[in-house]
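Chains: A, B and C, in written order; residue numbering restarts at 1 for each.
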Amino acid sequence: MSDVMDILANASFWVAVLRTATPLLLGTLGVLLCERAGVLNLGIEGIMVAGAFTGWLTVYAGHGLWTGVLVAALTGAVLGSLHAWLTVGLALSQHVSGLGITMLATALSYYGYRVSFPKVNTPPTITPFEAMDWLPIPILGDQTALTLLALLLVPLLAWVLFRTPLGLAVRMVGENPQAAEGQGVAVMAVRSGAIIAGSALMGVAGAFLTLSAFNAFFFNMVNGRGWICVALVVFASWRPGKALLGALLFAFFDALQLRLQQSGNGLVPYQFYLMLPYLLSILALVLVARKAAYPQALMKPYRKGER
Amino acid sequence: MRIEKRATPSTLAMVAAPLGAVVFTLAISGLLVLWAGAPVGATYVALFKGAFGSLFALSETLTRAVPLILTGLAAAVAFRARLFNIGAEGQLYAGAVAAVAVGGMHGGTGFELPIYLLFPLMLLAAALAGAALLLGPALMKTKLGVDEVVTTLLLNFVMLLAVSYLLDGPMKDPMAMGWPQSVALQGDLELGKLIVQTRLHNGLLMAVGLAVALWLLLQRAVPGFDIRAAGANPRAAAFAGVPVTRTVVLVALLSGGLAGLAGAIEVAGRTSYLTLDMSPGYGYSGIVIAMLAGLHPLGVVASAVFVAGMLVGADSMSRAVGVPNAIADVIVAASLLSVLVASLMTQYRLRRK
Amino acid sequence: MSPPSSSPVVLQLHGITKRFGPLVANDAISLTLHRGEIVALLGENGAGKSTLMSILFGHYVADEGRIDVMGQPLPPGQPRASLAAGIGMVHQHFALADNLSVLDNIMVGSESLLRLKSAKRQARAKLVEVARQFGLVVDPDARVGNLSVGERQRVEILKALYRGARILILDEPTAVLTPQESEALFATLSQMVAQGLSIIFISHKLGEVLRVADRVAVLRHSKLVAEAPTAGTTQAQLAQWMVGEAVSLPERQPAAKVGDEVCSLRNVHTTASAKSTARDRLVDVSLVLKAGEMVAIAGVSGNGQVALADMLCGMRRPGQGTVQYLGAPMPASAVALVAQGVARIPEDRHGTGVVGDLPVWENAVSERLRSPWFSRWGWVRRAQARSQAQHVSKQFDVRGGGLDAPARSLSGGNMQKLILGRALLAPQGAEGMAPRLIVAHQPTWGLDIGAVRFVHQQLLAARDAGAAVLLISDDLDEVLALGDRIGVMHEGHLSPVLPFADWSRETIGLAMAGSPMTAPARQG
């Protein structure tokens, strides 16, 4: 127990927590946006890989870091449009479309990496974002600008969802698209827009990994974070504020287990520590299952004129 | 022109759809070949030759097809009942672990059982291990309404970590000189070769046999009817007396069991011990295979051979032409999306107004 | 209450026709609405009322005809255009998002999506003002899912009024309200009319129509058959317009010999749950079914018939009261019921009666698949099953793509014949096993004359072979043609079940619309 107290007392621990939380937060906000509009987007895992790859490749090719972030967001948006076309336009299975996009985006990224760097063994590095030394706030000042962006997105997204007509339209479409149609809302356009915007966020989440957390692209770097985000959205009751809480809570346990491993007493094999994030996600899903206030039209395909 | 829903699914469309999807996918993947700077024609020739062009190539393809047939069957039976089992990867490893536990550790040093008992026991343990891993998510779905896609996915990661732990510790082969691999199976438990001097083993017969058995179950047995009815229309099924919840549990056991067997048969036939990289995503490929086969067990055999061909062919093509073998994964993933779109063809048709 | 018909015309429908495939829902309907007027649109289920209003509101596009609002043609098929033209609709099944607030539900779509901030304060003020103007009390911040049915309807109405509707369509508004809530609604309608609004009020309740409306238009079988001012019209007249003159019926075949009790319900209530409405419950229902007799239950769909059918088909248990079958409590499972001789014909043949994707032969034996007739050790006895399917197909003249075609490829009539054959025919070799109780819920819905006659023949034959038959139907002609005894369901209550001779077309029509019975009450 004193191990734990030691860890908690150390500022660098909290820096790590915030850093670990950032991609989770961005990803969760992305899924949140899609699901609020009534669409499940299982493409997140692949979109994060693609965002990580394209963002990094852009910087490696000599462009600026923010350009890389933009490219990653665009990659996410393009993949999101594919998902929107399949699920909203053609009303096909949201599960299969999402899984297919994850598999495709991941495979394309690895292929692209291999084509671009056929002979390297260690992944080439870039210069990532630097810590925000100009910010006098502790812990936050040790983060990169992308983390600040993610944190600012929380109130921004909350504002858009709950205080603007656009956000209301998105929520209505996710609860009762027939009612929205009856009020003159262009259901398909709003749904597609939400999916594309959410997927762009997922792309940025991936870019964070290669441009901020680490400085290179390697295989299996996303490692299930996308799925964890899908679980976190349920835990967050589809609210941006709670998504931040969920991401922080999760990152807390993740960073804790890493440090416990290192300070390790050797009794518990490190693999069990690594299992914790995934098991916790499943637990979170089970705990909120009963009372989850799902957007009522989630996963139900909408066909115009069908009542 | 307008789009009209069909009353009867056209059999022609049901076969043409996956074929069309595959052709389309291969055509688009040509762009990827161009990106890699290789000649498209030569690349595809090398791909197909590497897959089917010689007895050796064919034997390699069929060897690779064995676990794919089984994970494909696992996905097919689950998806038929609308249980989205994405956890076949983890269930495969669970089966492999159980197989080594029974056949390598205890079969080698513990149980004093004759081979004709130990072998089926090993397979049974593998099937049960796979089924157990899926049972949790299945019950969470029926009792709590938790979406099984995320839970089965997350368990894949958990299972892989568990395997890593086992290979570091309890199952480590002390004579493997530091390689993370498990104790090997007792020699008598290994599957014999189907074609000598190749890696093709009797597991192929078992896999095809299981495909036939699953098809018979679905078409000829009462539980098979229950599975098909519950998946197609749960309300009408319940009206007709189908025990819907019990059926979902049965499907979970079958699906997880088949994936577990995939792991056991890989161990018994190809490697004889467990390693961490035994499965390069066979569980996920199984989903694509099942969709390409229209969830038909016999179709699964054909589409598994196709996917195996792509994977094997890409390896040899990569050595010959230099296009990264990751193209195989792109082809597989793109096939899934193409066949999803193509499925519209079976349900709808164009009509002149 | 009636404005002079010299007040300006606000709405005109010219020759509206709408078809869904071969089915004609609206046939050349023309209608005029004046300012400050309440017109009631009356008709039985399936007469075409909701379709007509959906066309007006832009959910559907008419195949022929034109609509003019305030003299301007209305662009078809766009709710936004209808909203802009001042048409508002209060749907029968409320178009509301339970998880959002009242204000959100009302505001959505009213502001440009490009605005940076919703003008919530102004919207709330406007909503409160509109609500006050029309005497409707709501809490703008309440979550819609927590509101009572009456309150939710008020939100539906306010949605239209908030958008400045001058023409309001109310689709069966009192179907889900208590009498007190209905009174409050009528008061609201008066307020609206006083403020210059015009209202179309869809209903099947005769008393209300006469009370509330200035004029009434009656639809029957997709055509407009009558139009009259309500002053001077009687309920009896309305009933007659609604159900029509008696068509030439085939000769009645009364029951020859009525036997013992086969099945009974005694004081059955369904369990009340937060979601149950008047449509889906039973209130103190008692009913006795005897061998060799056909009891027909009339009533507009949605008055508890589904609950009654479910209770006898093994899909539901009573909350209070008892259901007996052959002297013992009714078995709970479908399989047990079928084994003990209950033949079930469900209301929704596509959604519940057959598994559409599976072949005809499997559907033909689906209910008995688990029995020794068609399975052994868990394996289907394929030859026997197919033979039975062939037998059913032949005896009941099921035509289609053959035994192996998917069931959904069958036409409605053939699918119904398949379901009938499955339920009524015993397995070959067990001819003694005729059904003892037949529960037929809307068995001829959507069928052509030939198929209807066939179904009737089969039901009568089964009755004469000694089965007790319960026929639930909203087709009055059918009820009068077949019922030995007849009862009427209304809002979960079952009227006294009286012999055919004790009813007239008029009294049944009145009971269907909820008018109190004048005959002395007798236990069914």
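List of remarks:
One rule holds in what follows: contacts are C-beta pairs under 8 Å (C-beta built on N, C-alpha and C of every residue); 3 or more make two chains touch, one makes a residue touch a chain.
Listed by chain with UniProt protein names: B = ABC transporter permease.
What you are looking at is a predicted structure, and each value in this text was computed from that prediction instead of being measured.
Viewed as a contact network, the protein chains are fully connected, with every chain touching every other.
Chain centre most remote from that of chain B (ABC transporter permease): C (centre = mean of CA atoms). The centroid of the Cα atoms in chain B (ABC transporter permease) and the matching centroid in chain C are 48 Å apart. Chain A and chain B (ABC transporter permease) have Cα centroids separated by 29 Å. Residue positions of chain A with contacts to 2 or more other chains are absent. Of all residues in chain A, only 163-166, 168-169, 171-172, 175-176, 178-185, 190, 293, 295-296, 305, 307 touch chain C in the complex they form.
Chain A contributes residues 42, 82, 86, 90, 92-93, 95-97, 99-101, 103-104, 106-108, 110-112, 114-115, 118, 223-224, 227-228, 230-231, 269, 271-272, 274-275, 278-279, 281-282, 285-286, 289-290 to its touches with chain B (ABC transporter permease) in the complex. Residue ranges of chain B (ABC transporter permease) in contact with chain C, taken from their complex: 7-9, 220-223, 225, 228-229, 232-233, 235-241.
Across the interface of their complex, chain A is touched by residues 32, 35-36, 84, 86, 140, 144-147, 149-151, 153-155, 157-158, 161-162, 164-165, 168-169, 284, 287-288, 291, 322-324, 326-327, 329-330, 332-334, 336-337, 340-341, 343-344 of chain B (ABC transporter permease).
The touching residues of chain C, when paired with chain A in their complex, are 54, 57, 59-60, 79-80, 83, 89, 91, 95-100, 104-105, 107-118, 120, 159.
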